[in-house]
Each structure stands twice: as C-alpha cells, then as structure tokens.
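Below is one structure, written out as structure tokens, with a few remarks after it.
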Amino acid sequence: MVRRSLVLLALSLYTAFAAGPFVWVAMLSLRTTTEIHRNHFAFPDPAHWEKFPEAWFNSNYGIYFANSLQIVLGAVAVLTIVGAMAAHCLARYPFRLNRAIYFILFSTIIFPPQITIISLFQILVGYNLYNSKLGLTLVYVAIQLPLTIYILESFFARIPQDLFDAARMDGYSDWEIFWRVALPIAFPAVATTIILNFILLWNEFLFAVVLITEETNRTLPLGIQRFIGDTQEDVGMIATGLMIAIIPVIIVYGFFSERLIQGMTAGAVK
Amino acid sequence: MAIVKLDRLTKIFDRAHAPAAEDVSLEIGDGEFMVLLGPSGCGKTTTLRMIAGLEAVTAGTLSIDGEVINDVPAKNRDIAMVFQSYALYPHMTVRNNLAFGLRRRQVDRAEIERRVTGVAATLGLSELLERKPHALSGGQRQRVALGRAIVRDPKVFLFDEPLSNLDAALRVSTRGEIATLHRRLGATMIYVTHDQIEAMTLGSRICIMNKGRFVQVGAPLDVYRNPMSTFVASFLGSPPMNLLPGIATDGQGGRTIKIGPATIDLPPDRMPPVKPGAAVTFGIRPEHVGLAAPAAAMPAGFAVEIMQIERLGAETLIVSKVDGFDARLIARVAGDCPMAVGDRTQLVADLSKAHAFDSSGAVLAPTRR
Amino acid sequence: MPWGTIIAFLLPALTFYVALTAYPAFRTLWNSFHKVLPRRTEFVGLLNYEQLVRDEIFWRAVRNTITWACASPLIEVSIALLLAVALYARVPGARFFRIAWFTPVLMSYVVVGILWMWIYNYDWGPVNVALRAIGLGFLAKPWLGDPATALPSLIFVTSWMWVGFNMVVLLAALHSLPRDVIEAAELDNCGWGAKLVFIILPLIRATILNLIVLSFIGKMKIFDLVWITTKGNPLWATETVSTYVYKRAFEWTTFDLGYPSTIAAVWFVIVLTTVLLLTWAFRQRDRLEY
C-alpha cells in the first residue's frame, strides 16, 4: 500500500512537471503584462478574456491562422489521397520492385531535412512557387508522404485478399475496389494519418521559415516568431498568442487522443 | 444450363517451381456438384480460382457451355464464389453486402430489393439485414456469404473451403444446408475442400488432386471402393486403407503374394496375374479386417500383437503390428471388443475386398469388373 | 500483373517523391561541388569540402548535435522505462496520465521554445525563482545565456517533451506482453526485479531499441527549438548542424548556396551511416514468437 501511494505520488509529480508549463502559459494568457510583472505565478483575477480578440485583431493573427488552415488542410487532403493510393497499390499488388519502391519511399523518413531544403528553395524560386502557399503545400505533401504511406500500407496489407477477390467477382474495377472497398475498410487508419499529419504540419517550422518570407503568406509558427519580435517584452500578449496556436491542437487532441497516440506510436511498436 | 469444361488447364506461378496445376482436364455437367478434394497445396484452390477468373490461365482452355472464357474477366463470367474467410464487406450492412454485386450489374432497384428479401428469407437472415458483419456469429456470416452468391443467380457456384472456419456442430448443419440448396437450385457447383466427409456427403462426383494433377474422378463411393492408386487409397477413408508391402511369388495363377511371413492368394477379380518377384502393395480397408470374422468370404489370417486400442463407442479401432514384419495393420471391429493392448491374436482380412498396387503405386486392376 | 493500374496508383506519389525529394537531394549533392550564387554557378571541385574540413564552427556544430543525439535517447528512454514499469502495476487514472504525458510532443517547437525561454528566464523564470526560494540563489543563472549550461538546458527541454511519448509506447509494449509468460516467471520464483530484468526487458527489447533509434534520428535533425531560443548562441554553444546550414544558406551575406549544400551532403552521409549502423547493431537476431 505504501509503495502504491509512492508510485502514485511520483506519477502525479511527473504529470505536474509535464503539464505544468501549459497550465502556466494558460494563466499568463489571461493576465496583463503589468499584472504578470507584479507576480508571475498568480491566478488570473480577473480573467482578461478580451486579450484574445486583441491579439487576434491587433496583429496579423487572423491571416496567419487562415494561412495555416489553408496550407495544412490542402496538404492533408492531397496527402491522404496520394498516400492511400500508393499504400493500397504497394499492399495489394505483389509486383516486381514492390518492396524496392516501398523501401525507397520509406527510407526518406530518416533524411535530415537539410539535404533537400536548399535545393527546394532554388526549385521553388525557379517555378515561381517561392513565397507562395501552393509551394509550401506541395513541399508539405512531399515531406509527410513516407510516414503516411508507412502507416496506411501496414493497415491495407492486413485486409484479407478474399475481400478484393469478392469485389472483383462482383464486377468492380481496380479503382472502385480502392475507393469503395479498401478506403472505407481502412477508415480508422486513414483517420489516424489525417489527424497526425494535421498536427505535425500545423506545428511545422523549418520548411516554412525557409520557403515563406512574405507577411501575407506566413503560417502560424512563423507568425508567433514574428509576434515575439514585435512585442518583445509583452509577456502577457505573447502568452495569449501562444494559446491561440495551442488551442486548435488541444481541441483535435481532445477529440482524437487515442487515434493520435496510435499514429504517433505506430512506427515504434513492432 | 452450365457445363464447365477444363481442357489441359495449367497454372505456373513461378518458372522455378513446379506448376500449381498441370494439365488438368475435367467436364462438369449441368447441375452437377463436383468436389475437388486433396491435401493442402495440391492445387485445388488454384484450379478453382482459375475457373473464377481470379488467376490467369497459363495454358489450356477453360470453357462454359462451349464458350472459351480464358480471357473473360471474372465479372463477366456469371460465376459466384463463396470464400473461405467469407469476405464480407465489413463496412456494409448485411443488406448491402447482399445487394453490392447486383447494384454493379444494373439490376433495377425493385428487383434487387425483391431478390435480397427472398434470399434473406430462405437463409433465415431477415432479422439481420441491418446488422454489420462484426455483429454476426460465425454461422450467420457464413449464411450471408452463401446468400451473396445465391442472390446473383449465377450459372456456376464456386465454394472455397466454405466450412473450414465453423465449429464442428455448425459444420454438419451447414453442410446439410448446402446440399439442400444444391437440390433446390439445381445449379452447377464446384466445391473445394480438404475434408473427405464433406466430399463424400456433398459431391455427386469427387475429383481427387495431388501435386497439381487430377488423380481420380468419380462418384464418391466408387472412388472409395476402387482407388486407382495408393495415394487415393490412403487419402480417402479414416483411418486410411492398410497398405502392406509384399512380393509376388510362384503360386496359383500369379496371384500369390508374400507379405512378411504370411503368404496369401488374391482372388482373380481383385488382381491380374503378375510376374513372380515383382513388388506388390497389398491394400485392405480397416473395416474389412476383423477378429476371426466368420462372415469373411475369403479369409486370410495375420498373426499380430495389439499396440493400441481406440474405443469409439460404436466401434473399436485396433492398431496392431504384424508378427515378424515391420508393418502395422488397423482393424475396425465392434464396440464391445474384449481385446487389450499387448494381446497376441489373429486378425483376418477379407480378401474379396482386397486391393493390389504395383511398385509405382498404381492399382493392379484385373480386366475391368 | 496489371501494370497500368499499378502505375496509375503509384504515379502521384512517385511524382511528389521524385520532384520534391529525390531531385532536390541530388541537386544538393551537385551544388556541393559548385559555388552557387544568385546569378552564377561555377564548378569548384572539392574546394567546399576542403573548406569544410577546416571549418571549426561546423565541427563544433557536429559535436553539439551528436552530444544531443546520444544523450537524449539514453535520458528519455531510461526515465520513460522507469515510469512505465511503475505504471504497469495498474494505477487508477492510467488513461488520464497517458493523455497528459503525451501532450508536450503535440506542441510545436516554437511554442515549447518560447515557453522554456520564460522558464529559464534569469529574473522571474520558475527555475531561478525556485532555487532562490529554497536558499540556493547562488546557483541561479541565465541558463540559456551561459555557454556551459545552454546545451544541457536545451537537451533537458527535449527530454521534457519526449519522455511522455516514450512512456506511452513502452506501456503499450508492456501491455501487449503475454500475461501467462509473466505469471510463469512468478511461479519460477522471480521477484519484481528479476521479472523486470530477465523477462520483461528481453521481451520489449525491440521496442526499446526502436525508441532509441527514433529519438536519435529526431535529435540529429533538431532545428526549430534552437532557432527559437538561442539561434546557436552563446558562442556556438548550442549551434547544431541544422541551424548552421540555415545560417550559411540564408542568413550570412555570402549568398553562396554551394557551401551549405556541402555541409548538408556530408551530414546526410553521416546520419544515414550512423542510423544504418544502429539498426544493424540492434537488429533482432531471431524473431520472438509469443
């Protein structure tokens, strides 16, 4: 019994340590900088909810948010279709070179991003896609494709071949089998990749900072960085800005925590 | 009307390996229930999948009602198949599973509805139409799989080991349902299994396969009574036929075989004369071996020591070792057999039911009976 | 084989791969032998590579990154293992703990970076405030401003982020272990520690090694956190290869993309080799069936 309570105590302490910073920033986001400088660790009293609209309207947060949404949703949509098609194909047809193609696609997961980023900059400049939302969207599809194919392939491969044979005998074409049999059956895995890609790309910083410079095309992580530059010591306002970036992630996580954990851990447990 | 004809059909997956099916020829008559039976890996499923159109034919021709269908895609063959794993679409309700194949074929909605309802009623699925497969029991899933084939009203039904995922009791009752179904629909059915009881009870004819080839085709009892090779003799029947190695010796009419210390004379209608010195395998089914059976038409005795006794209630299986000879003899005797392990006794084989095979395993058939 | 169908299904993915991954990678290799200025590209042979060998900042960055990539897996996985094993004994609220611990990895490094800059703040950051409160005020320092503590402080931040993730994975692995094997060990008179060392660890070895490789790869790529917090300062104490490539390519006014490409190419080879070596060293010699 004593050991059990000790374990619980240790776990609670660790939980406080893991979650504490977020609680703190949530408190800061509801207090003004003057209040904060009086005491950095007090509860928001009164809670200054008006700081949220202020942060949203007094800076370009609305633009950043819309850009992020547009780029990330666009990339996730393309990723899901393109990735699922490739994964279905690799799982279903045992053609020659199948494993070679799978390995080549998958191995890019370990590539350090520097190996492509400088050339991507040159290429996008060459095609007038530098500093554009479309360019960043395409790059996001490319960087998340290996993980997407990896997760989906292992799921598609577990669908029994008999189902596809049955659909074939029912007169469905290869495309219809993918669209009407494989995709609906694989829905849990597809949902996992959608949520996972959404969060990873929502947080993406390196490619965005290299490929986007114009204010009107900035994504949220770039916006926050810019926001610190502008407001410097205005800790309260920055905290509000951080919360605006965190909240969508928390909402998605709140709804789909199990799926997300599944997706994030898919590569590690075998 | 559907006559399925296989003419020297061959399937090669990989040049480095033996063909999965080689030169298989067979004509399956209209309304016939043909069972393909064989050990796993013998090519029976491959043959079935070629008929279905799921595997391309490497060589030979496949035709239905005289029309060659080698290159006709599966969907245009008017064939339905029941899969071993049932292959129900897990994201669709029972109703949609049944209707899925029809929707694709431009059958109008009212007709689909009529057929689905009808089939569901015959199979006792009416209450389950709105459920998804995961909410069904094994037996119910099996019936949906059957229903999905029936609702299409195809020329030919194919079954790929449809009962192997069911438990023993359900297997027996579903076997009965399939037999009833065949009688009622009168359609041509081809059924793959490795279970000889299914084969014996369902088939109007059975076709035994081994290593990619058809080794014997015929009515179930005919194949059971007259196996053409030691393979069929030992594959069909449980326990299998006793096979004792022997050598032909000088004796009356070239039908004397020496088996270990025993010498027996086979009757003329069981074996043609052979040259002395030739290797002959003597075969006798366990039910034709008994304890000094007075009813035996042509008794031949073997002195044995009993190694093992399996009392099954209605009958008893005696596994014994023939004296002075490294061979086992199994007898199927009455349930109240008084013998015990270790007893020495005399087992009697009824030679009027005996079989003889040559050194290659082919039957030594007397001029056709 | 239905080649037409196969190609149709694979083509979009392969197009993305070739255009935005394979081609850029080769172009970077090509760049590494050139001086690449905005309007002019000039072949320089191995000049960039020679320069790289003598570039002290680069080697400093390599040292920092490798320190990070080696320290992190050890810290993260060992702490996570301890906590996971503790939690394995069915604690109430396990689901809540799991969700809470996982939260940090879902946050962008930008958010995490700003947050920890505050936590490490000299005047009012919780770390120094706590130290002063318990009378250890002399230990208070600008954690990210001192060359001696800047890198360890950042390593601590990544550990804070990733321990939870590792723990959730290890818990999943523990829960997938066959109960009867562990019960058999109990019957064989294994105590709690013996069970852990002789039964549990060998059975989840593959997962542990996977986590180590995963953590290693992640730290070899690290950029965002450093860029937000220190930009490689003070005195290159936190410079990583990623930040150095970025600086040379887009911040320094040399305008040459050839030299940073050389760094990227060399680093690519180093990462690839070490990861391959690691997976080779960690390979499962025989599959465990249970």
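Observations on the model:
Order as written gives the chain letters A, B and C; numbering starts at 1 within each chain.
As a working rule, a residue touches a chain if its C-beta (ideal position, glycine included) is under 8 Å from a C-beta of that chain, and two chains touch if they have at least 3 such contacts.
Since the structure is predicted, the reported quantities are computational estimates derived from the model, not experimental observations.
Counting only chains that touch, the fewest steps needed to get from subunit B to subunit C is 2.
Chain-level centrality, scored on Cα centres against the all-protein Cα centre, points to A.
The chain with its C-alpha centre at the largest distance from the centre of subunit A is B. Averaged Cα coordinates give subunit B a centre that lies 60 Å from the centre of subunit C. One inter-chain figure worth recording: subunit A and subunit C are separated by 17 Å, centre to centre, where each centre is the mean of the chain's CA atoms. Separating the centre of subunit A from that of subunit B, both taken as means of CA atoms, is a distance of 56 Å.
If you check the complex, the residues on subunit A that touch subunit B are 160, 162-163, 165-172, 181, 184-185, 187.
Across the interface of their complex, subunit C is touched by residues 4, 7-8, 10-11, 14-15, 17-19, 21-22, 24-25, 37, 40-41, 81-83, 85-86, 88-90, 93, 95-96, 101, 104-105, 108-123, 138-139, 141-143, 145, 149, 174-175, 178, 199, 202-206, 209-210, 221, 224-225, 228, 235, 238, 242, 245-246, 249-250, 253, 257, 260-261, 264-265, 267-270 of subunit A. Of all residues in subunit C, only 1-3, 5-6, 8-10, 12-14, 16-17, 19-21, 23-25, 27-28, 31, 36, 83, 86-87, 89, 91-92, 97-111, 114-116, 118-119, 124, 126, 129, 160, 163-165, 168-169, 172-173, 176, 206-207, 210-211, 214, 217, 220-221, 223-224, 227-228, 241-242, 245-246, 249-250, 257, 260-261, 263-265, 267-268, 271-272, 275 touch subunit A in the complex they form.
Within the complex, the subunit B residues that touch subunit A are 49, 52-54, 74-76, 79-81, 83-91, 100-101, 104-105, 148.
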